[in-house]
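To start, the structure itself, in structure tokens.
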């Protein structure tokens, strides 16, 4: 299992580094979306719940691009069959894809968050607020990665692939949106970060756990045939 | 032409046993009632027009597809329930090369070697044997079709499978390329082989048993020595 | 598979219970002190919502059975259940919206967590049909639809929890506690309506199942009579199918 995950992950990251597709597109798209928000909201800077909303929507829409692409190379170049022929647990593919998508999301956030702070965010982020933001985003990334892998595996087998990804993923990610927005709102207030949003971290952790188990149980049915 | 009664006495243990194998796609029947036994080390060549069910048969044997009725045993393991035991002992060379175009030949083979738990030295050996050693670090999308096919051959035999499933293996190879891969996928390798072919004479020459499919149904099943090319040609009319 | 059995009895039971429920709601249950006559829609809206959610859960359970057994009949059961729940779900959103307008003066209120989470669930399940339609191979379609139905089924409670927690304050609601604040006579009318709606759902489900399996059998007979090849191809469809030959 570990050997297979390692091989798959190495292949995944090498493909992305060799012919970068997902990460640059996602990063560029997220910065463009920030500019879009500036004009659409007609604000030079945002704070509090508005800032949380802007960050949340931008991140999620960028994630949709990555989800749409996640299984395309495997489908078009037959890599999926190549994997299925190997005597390894199919869960390895789920783990490798989710880890890869999570890594892509972290990479995008490394561009998105600084861009957001410089371009739109009113109050300055201190170190404590920054650490909390990172913690929340990591839990969010885990949930998006798992749900994204599940949705990507479903959508890649359909004719309407790119249409179905947001239609399936966005409602499924609504609890993540709620938790992300609620948890980051206090971080973006001028008054500074309050106490750690334990309730929302708990919700995110529960979400990650539930969908992690679901994906583990269901993924095998998505890769056969 | 009605299928002939099964004429071969099976001495060696059968590597592949099929009994009433049937597969549908929706309401279209892709394969219906295929029954045969292939001794270990023997070669079965499957003839039939496009859409006759040749690729479906190979995909079932490769554990990539489940049959709807009938039984299939590969190396003594029943499919699809014991597919895990068969995987890793079959090599599939299909229409798709199953390699990533943005990776190099070496990277592709190493990826599959890791999945199969094969020693990485085997990758170098095979790159050499299919004549790709010099281009091994070029991305696959810069290759000609013949080179991609040779890489696919290397991929299919990487884990030294007991059973080879070959879908028109020489279709995109020039004579030199075909000669190069012959030791790997030819009869001399001693592997049990299932090959699909459109070439009556060439196919019969390397077959021990010939199977003719028409619309998924076996129209011909006989030892290759008892079949002549005209009978194969009749399948296509 | 004879889904037509007991259909007449079920239909009559559903009709009688619903009629009784409506009569009770209008003539027996007291008028609500704050909301007046418009509160009567509560007797339709809430049972409808509960039955629709129950149908989604039932669809998920059938989907689990389908993945376990690979029997296409379970996929059909799941499909019909989700399909019906979606239709009822549209009714839930419309009645909820009318009620919101009557009580709070707005067609939509975001601080009503039950209704808001129902909207999210509805949006998710609305993708069920397009998903099925865009997969051609009937078996793969059934399998993927089942994975969707199970995922969505598990999503429902999680979503309710998140939406509920997100409310900064809770609006005073009639049905917040199903029997807490409700007078006994309202409760009677409510539960009769709930049973009536459940019976209605069961009746419709059985009708649809009977119709679908009859047309399958018809196709199978035709194929037997005229030979497999002569049966017209089924074409692209979002509905499940059984093989005509077995």
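Just so it is clear, A, B and C label the chains in written order, and each chain counts residues from 1 on its own.
We take it that a residue touches a chain if its C-beta (ideal position, glycine included) is under 8 Å from a C-beta of that chain, and two chains touch if they have at least 3 such contacts.
Since the structure is predicted, the reported quantities are computational estimates derived from the model, not experimental observations.
Q: How is the touch graph of the chains shaped: line, ring, star, complete or other?
A: Here the contact pattern is complete, since every chain touches every other one.
Q: Just by CA atoms, which chain is the most central one?
A: Chain A is the most central one.
Q: Could you state the distance in Å from the CA-based centre of chain B to that of chain C?
A: Distance between chain centres, rounded to whole Å: 48 Å.
Q: Need the CA-centroid distance for the pair chain A / chain B, whole Å please.
A: Computed from C-alpha means, the inter-chain centre distance equals 40 Å.
Q: Could you work out how far the Cα centre of chain A sits from that of chain C, in whole Å?
A: 32
Q: Which positions in chain A touch two or more other chains at once?
A: 225
Q: So which bits of chain C are touching at least two other chains?
A: 136-137, 139, in rising order.
Q: Considering only the defined contacts, which chain C positions touch chain B in the complex?
A: 136-139, 228, 231, 233-234, 241, 243-245
Q: Which chain C residues qualify as touching chain A in the complex?
A: So the residues of chain C touching chain A come out as 67, 120-121, 123-124, 127, 130-131, 133-137, 139-140, 143-144, 146-148, 150-152, 154-155, 158-159, 161-163, 165-166.
Q: Applying the document's contact rule, which stretches of chain A touch chain B when the two form their complex?
A: Of all residues in chain A, those touching chain B are 3-4, 6-8, 10-11, 14-15, 18-19, 73, 77-79, 81-88, 224-225.
Q: Mind pulling up the chain B residues that touch chain C in the complex?
A: 24-29, 68
Q: Show which residues of chain A lie in contact with chain C when the two form their complex.
A: 150, 154, 157-160, 163-164, 167-168, 171-172, 174-175, 178-179, 182, 199, 203, 206-207, 210-211, 214, 218, 221-222, 225
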